[in-house]
Structure formats: C-alpha cells, structure tokens
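In the two complexes below, chain A is the common chain; its partner is chain B in one and chain C in the other.
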Partner chain A sequence: MTDTLYLAWRYLAFHRVKTAILVAAITLIVFLPVGLRVIVNQSSRQLTARAEATPLVIGAKGSPTELTLNTLYFSSDVPARTTYAVASEVTATDLARAIPMYVRFRVQGQPIVGTTLEYFEFRGLELAAGRQIAVLGEAVLGSRAAEMLGVGPGDYVVSSPESVFDIAGVYPLRMPVVGVLDFSDSADDDAVFVDVKTAWVIEGLGHGHQDLSRPEAAAGVLRREGNVVVGNAAVMQFNEITPDNIDSFHFHGDLSGFPLTAVVVVPPDQRSSALLQGRYQTSETNQVVSPSEVMDKLLGTILTVEKFVIAGAVTVGMATLATAFLVFALSLRLRRRERETLFKIGGSRTAVATVMASEIVAVLAVGVLSALVLTFLTQRYGDVIIRALIR
Partner chain B sequence: MKTASTVAAAILAFGIAACGGPSPEAEVEANAEAPAVEVAEEMVLYTTNYPLAYFAERIGGDRVRVEFPVPAGVDPAYWTPSPEEVSAYQGADLILLNGAGYEGWVAKTSLPESKLVNTSSGFEDLYVVAEDAVVHTHGPEGEHEHENVAFTTWLDPELAIEQARAIRDALAERLPGAEADLQAGIEALEADLMAIDARIEAWATALGGQAVLASHPVYQYLARRYELNLRTVHFEPGEVPTPSGWRDLAALMQGHAADWMLWEANPLDETRQRLASDYGVGSVVFAPTGNRPASGDYMDAMRANVAALEALPAS
Partner chain C sequence: MIRIEGLSFRYGEGDFQLQIPELSVEAGTTTAFIGPSGSGKTTLLNLIAGIIKPETGRVETRDVEVSALPDPERRRFRVTTVGLVFQEFELLEYLSVLDNILLPYRIHSALDLDDSVRDRARSLAERVGISDKLARYPRRLSQGERQRVAVCRAVLTDPPLLLTDEPTGNLDPVNRERVLDILFDYVTESGTTLVSVTHDHEILARFGRVVDFRDFHVWGEGDDTGGGA
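Take a look at the complex of A and B:
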C-alpha cells in the first residue's frame, strides 16, 4: 500500500504545476461559498450587535446609513453636521441621555472620536493603562490604535490635516496620550478619543493665542478701537494645549451652534424612545435613526448580494469541477500506456487503479483541507477585515 | 463538495460557540440568583465654591458627603484644578456648579455632563453682564467678545435660594425617599437666608440711595437686589493702589461722593488710612465667601457681613 501511495505522490510531485492548479481549483470551489457565508455571518453578527447596543442616533438630514456607519464604526464618510444644541435639547427633555459625537478628524488614519465621558460608560470601555481624559487637548486611545500608532500614556499623537492643500483650514494639534483602553473587540479599539471640545479646537473653533491686550503681543496687534483689539496674521496661536497656555484657549461663539456628526441617544424605556422619535420625525433639519433598523436594511442588501454571489460561485464551482473531472479523465486516457507498463512489470490491475485513485483523492483532500484552513482564517480574522472595509 | 461544506459549517459553528460568552438569559438567571443587597451609600458631591458646599451640606445632611477641593486662601473663581483633581470631580456622584461663568476651568476639562448641575441655570436671564468686556478680533471668524458675566450670584439671597433649590431638586432626583429630609433642610436654610436678606434690606432702606463704593467688581448682585448706588474701582485688599488707581478713584468720586467702600477682605492699613484722610471714605469688609472662611461657616460669615454694615454710622 505504501508503494502505491509513493507512486501516486511521485506522480503528483513530478506534475507539480498541474497538481497545484487542480488543488487551487478544488480549494476555491469549496472555500468561495463557505467563506462568503462565514464573512456574511460575522458581519451580520457584528453589525447587528453594535447597532442593537445603540438605541437611537440623531444627526443632520442625509443618508441614514452614512450617519449610522460614522457613529458606530467611525467610517471616513462624514455625514452632514448637526449642532451641539441637539444634544442639549435631548438632555433638556429628560427623556434620554445624550452623547455628542464628532467623528471627522484622523491621526494617521485612526479616527479621532470627539465625545464626552458618558460614551465610555455607555460602551462599557475600561482603561488598561493611564487615566481618563481630564483636560482639554488630552487623548485616550483604543488598544489597537495605540498599537498601530506605537504610543502609550506619556506619548503624543498629532491630528492629521484633512488635505495637503488645506493650508488655511484644520491645523495639527499635538495631544498627549493619557490613557489606553482595554481591548473591546469593537470599532472603539481603533479610535483616538478626545473630549468633543478638543475636536472643536482641532477644527479651529476654539484656540489659544497670546493675550492681545498685553504689551508682549504688540507685534500681533493690527489696531485698537476702544475695547476692541484687532489682531493681525502674526498672532501666535498654540498647536498644543499645555498647563501654561490652557488659560488662553477659548471658543468663538455660542457652543450650542458648534458642529457634531451625531448625538447618540439612550432612552431608559420604549416610551421615551417613541416620544423622542416622534419629536424628531417632523424636524426639517435633523433625523432620528434606529441603527438596528438601518443595519437590518443594509444586511438585507448584503444577503441579497450574497445569494447572487453564492449562486455565481456554485455555477463557477460546478464548471470548475466538470473541468477538473475532464482533466482527470483526459489524464487517465493519456496515461493508458503508463498503466499498461505498470501492468506488464507485475502490477495488478487493482494496484494500478489504486495508484490512479490515490492521486485523485490526494488532490481532492488537499484542496478541501486548504479550503478549511482558509475558512478557519476567515473565521478568526474576519472581524478585522470587516472593520477595515467599513472604515 | 457537500461534505466539505458540512465540515466547514461545523468548524464555523464551533468557532462561534467558542467566541461567544454566556447567553443573556444565562446572565439574567445568574443575576437573579445573586442575593439582593442594598447598601445605603452616601452620595459624594463636589462643588466649585464654598456657598454651594454649605448649601449642599445643609440640605443633604448625613446623606451626602460634600467635597470642596479648592485650597484655603485661593479664590475658587480663578482656581484651576490639576488633572488629578479633575479625576476626583469625575468620580463624584454629582458636581454642583455655580454657573454664570464662575468656574471657567470647567469648559477646559472633561466632566461627565450627566453629573453636572448648574445651580444658576434657572435664572440665566437675571445674570448681570459686566460693561468692561474686552473684544478681540482676528482670523476669518472676525470679531468675538469674551463676555464677562458677574458670577457672585449668591450675594443676592433670593438667587442663593434659587441655587439651593436647584441642589435640592438634583438630590431629590437621585435620593428617592429622602424628599422630606431634603425639604426640611432647605426650609431651615431658606429661613436663615431670608433673615440675612431682611437685615440687609433694612440697612439698604436706611441708606436710601446714598453713594457707596466697592473695591472690586464682585457686588453686582448685592447692589441690584438692594438697589444700592454702588460704583466700583479695582483695588486689591493686599496691595496698595497704584497712582492711576487713585486717580481713577478721584475721577469716580467727582460724581459719586461715597462715604464707604466695601472690601472683600481687610485692606492694608496704608490704603485704609489714605482712603479716610484723602478721600473721606471709610472701609467696611463684606466678604463674598467664595472660599471657606477661616472660622465659622457661610452663615456666620454673612451675619458678620451684615453686622459690619449695620455698624456703619449714618451719614
């Protein structure tokens, strides 16, 4: 039996290119539908779990999917802005907790999530090292963000400009990292969390600069008109908030008009939820969405697409299988003289048939095994792939 | 193919089972089995000035532990907490703010908004806006004003009572079943504050529109409540006024011939004597009590303030 298997192995090893092509074909035939099913299952589970944990989201009118994906997964597609007044309105109703979200900026690709301390409590995020954000300008990183950026408490991260040519727009803010969160196996692991006011400082709505009323800032003063001091372009602005300059930081205008990408709304019961949804359904500027409903719709689309893809994969698989069968059949025909030689030198018909069958079984087995390994890897790392795709 | 799919599905099912934690039902059952232990913990309140700390102690009694971390001798209105002190505020059950721009540091820190109680938010329309706000303008946003709102709201006892009621409401929301005790606490506090109010009212009525000076712009609410004819200079109790400060006083007194100047704390003897000899202005201390007094409590300090006013000889 060992001799038979050895002969089969030697044949496959000699025709390694043909064998590799056959194994790859078998692998794909098995893996495509199974792997796709795994991916879809995982993404459904992930999307549904986080969406169901987020009762309501209020944002500016626009795409509900964009709003939901940005709020839940910090996707780079930034929805239209609503204002901080919405968060205050919701709080004032006493119907729900309102958590402001401003997800617009990045640190080397990692999303900067401007929010309040309630967000950490809401998502059940715990610190693994350092402390919570205390002062304007500080950052707490998700575990994967800390790993990707190679930083920890005591280090600094710098917000990235939105565009290379955005000279007059968002200027980089250097932020001390004061804490790193525990791994939570969610999009929060990828985030750089800051206070929402820090996000506004990054946007330029709040800033710190020399006190224009002091003599040392004379170079930055264009003119004085009574109580009004007009600064010129030479006013030195700070790109890092430190204990020495924090008192000079201030915001321009009324905070209630400041931008947010969303407000996460956490009502205590169904009645409060229904009342709040009723209030915002007639709003001309804002929309209230239930992330689980948005995700159900999205998953409906994904499942429809999945059906087409699986149907296609099965069709291609059958064609490939037929081709493989043809390859085996033609191969057997071409090897008729080889079989006769084996027979003439003393090999029984059974032994010769076993050699041929072993070759086919080996190819099929390796193909199926490879597909299973790929399926396992998909199962293991699928969530990472899905999150990367969403971002 | 069918076999392969089945095997893969089995692996997938195993993987999902291995990755998943206990089911929600199992957790509910586990929680149901745990003994229900109710521990009556005292509520931890952090405040940003002493009047609020005093009001909270009077209203909450033994049910609350009030923390006021501003060091003695420091004006809480200009105090900035360290990150560690901010962390302590974050850990409180409730953070009582004076509002009216009193605690400027709050805007530059991260505090849980659900724990913040702005005790003056109920009378924002009654804020006194200072007239000497500095405006600066630069950049594409153009002009913006750093509006100065007077923040010693508690010097008007009626507003102090409003702030105390805001504390009572916040506590009542978080301490179910304690309404009666909280009500008893606030009624006693209100009675004390109204007694102070009546005495200042009587003094102000007797004063009858006579000009009074204030060494610092902290008495806006007091002046409005009792219709005092009060004008303000910028003298510090611990410093001798500069020559320009004296000139400003002289100019002010041209149309505002006051006999008395209210001080936050005892002025230097040199200042007191020059005020008396050169300007005929006596000094009287009316401590706003933003921070804890060296001795006694808020009400003791206010009674001392009123006694000092009542002791002023008639003009």
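Take a look at the complex of A and C:
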C-alpha cells in the first residue's frame, strides 16, 4: 500500500500545476457554499446581537441603514449630521438616557468615536489598562485598535486628515492614549474613543492657539480694536491638547448646534420608548430608528442574496466538478499505455487502478481538507471579516 | 526453458490467428523472432510472458505451464521470472530514473524493496553508464539512455528469462550497439535466456538462433519446427 501511495504521490507531485488547479477547484466547490453559510450565520448573529442591545438611535433624516451601521459598527459611510441639541432634548424629556455619537474621523483606518463616558457604561466596556478619558484631547482605545496601531497608555495617536489635498480642512490632532479597553468581541474593539468635544476639535470647531495678548505672539496680531485682538495667519494653532495649553482651547458658537452623527437613546421601558418614537416620527429633520428592525430588514436582504449566491455557487460547483471529472477521465485515458506497462511488468489491474484511484482520492481529500481549513478560519475570523466589510 | 505445444491464439473475433504447433527455446540461449509486422511476434512474447493466454495449447516456461496459471500466479511468475524491454521504453514520466528501475518492486507485493535492491539498482545503473542520472526524469534523457533505464528495470529482479520487443527500434546506430552490448554482456554473464523480437536484420548475427515468422522457418542452432504464424 505504501508503494501504491508513493506512486500516486509522485504522479501528483510531478504534475503539480494540474494537481494544484484541481485541488483549488475542489476547495472552492466545497468552501463557497459552506463558507458563505458560515459568514451569513455569523453576521446575522453579530448584527442582531448588537442591534438588539441598542434600543433606539436618533439621527438626521436619511438612510436608516447608514445611520445604524455608522452608530453600531462605526462604518465609514457617515450619515447626515444631526445636532447636539437632539441629545439635550432627549435628556430633557426624562424619557431616556441620551448618548451622543460623532463617528466621522479615523486614526490610520481605525474609527474615532466621539462620545461620552456613558457609552462605556451602556456597552459594558471595561478597562484592561490605564484609565478613562478625563480631559479634552485624551483617547481610550479598543483592544484590537491598540494592537493594530501598536500603542498603549502613554503613547500617542494622531487623527488622519480626511484628504491630503484639503489644506483648509481638518488638521491632525495628536492625542495621548490614556487607556485600553478589555476585548469585547465587538466593533468597540476597533475604535479610538474620545470625548465628543475632542471630535469637534478634530473637526476644527474648537481650537487652541497662542495667547495674542502675550508679547511673544505679537507676530500673529493683525490688528487691535479696543479689547478685540484680531489674529493673522501666523498665529500658531496647537495640534495637541496638553495641560499647558488646554485652557486656550475654546469653541466658537453654540454647542447645541454642533454636529453629531447620532444619538443613542436608552429608554428605561417600552412606554418611554414608544413616546420617544412618536415624538420623532413627525420630525422634519430627524428620524428615530430601531436598530433591530433595520438589521432585520438588512438580514432579509442578505439572506435573499445568499440564496442566489449559493444557487450560483452550486451551479458553478457542479460545472467545475464535471470539468474535474472530465480531467480525471481524460487523464486516465491518456495513461492507458502506462496502465498496460504496469500490468505487463507484474502489477495487477487492481493495483494499477488503486494507484490512479489514490491520486483522485488524494486530490479530493486535500481539496475538502483545504475547504474545511478555510471554513474553520472563516468561523474563527468571521467577526473580523464582517466588521472589515461593514467598515 | 520455453516449450510451446499446439498453441493457437486470436484477438477477439479478428482475422489474425497465431498458430504454433511446436516451438522450444533452450535455457541460456539467445533467440530472435523476425518477420513482417502483424505476423504475431509480439503476441508470442506476450503469451510467453503470461500477459495473455492462448485459446488452446500449452506455453511452458521453466517447467511451469504459464498458460494454465490463474491471473495472480501469472503476474507473480512474470515479475519474478521474466524481464521485459519494450521498443518505446515505457518509462513512467513522473518517476525518476531510480524509481523507474525500482518499479517492479513497487508494483508487486511479492517483491520486497529494501536497501539491497536499491544498491543493485544503482550498481546496474553504473554498469550501463547512467549512474549520474538517477535523479533525473525520463524526459531529460536521450533515447539511448532511456532504453538503458528500461534494461536496468527489466533485469533488476535477475530474471532467468529476458523478453525484448524491438529493443533497438528507436535507437541510432551508436546507441543500438551500446544497448545490444549491454544486453548480450548481461545475458552471457548471468546465463539468462534472451528472446527478442526485431526487424533489424543487421543485429541478427548476434543471436544464436533466429525464428522467422514469415514462414515460421527457424534456422540457426537447434532444430527447425514447422507451423505458421
């Protein structure tokens, strides 16, 4: 038997390109429907779980899906902005807790989530190292974000400019990392959390600069009109908030008009939830969505698409299997002389058939095994894949 | 060594029919089968080797009636008693030279492949001048080298009977002489019986006996036997 397997192995190794193509074809035939099933199962479980844990989300009128995906998974598609006033309004109703969310900026691809400390309590996020955000400009990182960026407490992260060509746009802000969260197996692991006001500073709505009343800032003074000092373009703006310059940071305008991507609303009971939903159903500028309903709709679409994809994969799989069968059949035909030689020098027809059957079985086995490994990897890293797809 | 009596063979329902009333080949002799294509030379080799069975008659080799053996026994007989060399060499393209030589040991469980067999394979390769090509694949060998590999494979089991079918048919004159030298040197040293099918009349002088299938006239050493092919 060992010699039979050896001959089969030598044949496959010699025809390694053909073998690799056949193995890849078998792998895909098995993996495509199975892997897709695993991904869809995981995504539906993941999407449903996080959506069900988020009672209501209020945001500007627009796509409910975009609003939900940005608020729950920090997707890069930024919904239309609502304002901080909405969070204040909800709080003022006493019907629910309101958690402001501003998810627009990134640190090397990791989403910056501008929010409040209530968010951590709401999601049950615990610190693994360091401390919580205490002052403007500080950042707490999700476990995977810390790993991806290679930083921990004491290090710094810098917000990424949205466009390198937009010289009048958002300036990078250097932020000290003060804490890293425990692994939560959710989108929070990928996030860089900052106070919502820090997010506004990144947007340029708040800033800090040299004190123009001080002599060393004279070069930055355009003109003085009584108590009013007008600065020129030479005024040095701070790109990092430190204990020394934090007092110089200020916001221009009314905070209630500042942008948010969403407000997570956590009503204590069904009644409060119903009242709030009724209140925003008639709003002309804002919408209230139930993430679980949005996700149910999305999953319905995904499942329909999945059915089509699986049907397509099965059809392609059948065609590929037929082609592989044809390759085997043609190969056996071309090897008729080889079979005759083996038989003439003393091999039994069974032994010769076993050699060739071993080759087919080996290709099928390696193909199925590879598909199982891929399925295992999909299962193992499915969450990461799904989050990456959503982002 | 080989005794054939009242042999008759036909492929299916075809017109071809081989009939040999009587033919014998003595042990340790060299015999050439000549004749036009389709006269049954290769068929007779296959009958002697036990690859096919006659419709009627007896084929006896070394006092064993090969034609009466069941399939497994005939294969065992073939792998232990007969060495075969083909015109087209019939080497397996996906095996190295060494693995091609060792093939009989890999394909039949009656033979044990151990280090002594490997050593013998290397020694044979050295003898025929291909010891530096043991790791190569057949496609990287010349025609002459391929046939030398085929000869090594055929004699690896030290068979008492060597059957060769047009062993020099695909070779240039230089390689033809070299392969024949190797074959005849081996036969002389080992006392092996050699039966060879050939179309090449230039090499007939090397054989002790020639059997012409055209009229089934046999000349050379030994007695003539009548019959038709």
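Brief remarks follow.
Quick note on the criterion: the second predicted complex is superposed on the first by the 364 of 391 C-alpha atoms of A that agree within 3 Å, B and C clash if a C-alpha of one lies under 4 Å from a C-alpha of the other, contacts with A are read in each partner's own complex, and residues count from 1 in each chain.
Here is the rule we use: a contact is a pair of C-beta atoms (placed from the backbone, for glycine too) under 8 Å apart; a residue touches a chain by one contact, two chains touch by 3 or more.
Bear in mind the structure is a predicted one, so any value in this text is a computation, not a measurement.
After overlaying the two complexes on the shared chain, residue contacts for A:D244 are found with neither chain B nor chain C.
By the touch criterion defined above, A:E284 reaches neither chain B nor chain C.
Once chain A of one complex is fitted onto chain A of the other, the partner contacts of A:H15 are limited to chain C, with no touch recorded for chain B. Once the two complexes are overlaid on the shared chain, A:F343 sits against chain C while remaining clear of chain B. In the superposed model, B is the one of chain B and chain C that contacts more residues of chain A.
Residue ranges of chain B in contact with chain A, taken from their complex: 1, 3-5, 7-9, 11-12, 15-16, 80, 83-84, 86-87, 90, 107-114, 132-141, 143-144, 146. Of all the residues in chain A, the ones that touch chain C in their complex are 3-4, 6-7, 10-11, 13-15, 337-338, 341-348, 351-352. Residues 46, 49, 51, 71-72, 75-76, 78-79, 84, 86, 88, 90, 92-95, 99, 103-110, 113, 137, 153 of chain C are the ones touching chain A in the complex. Listing the residues of chain A that touch chain B in their complex gives 29-30, 33-34, 37-38, 41, 45, 91, 97, 116-118, 121, 131-136, 138, 168, 178, 195, 197, 209, 212-213, 220, 222, 227-232, 235, 246-247, 249-253, 317, 321, 368, 371-372, 375-376, 379-380.
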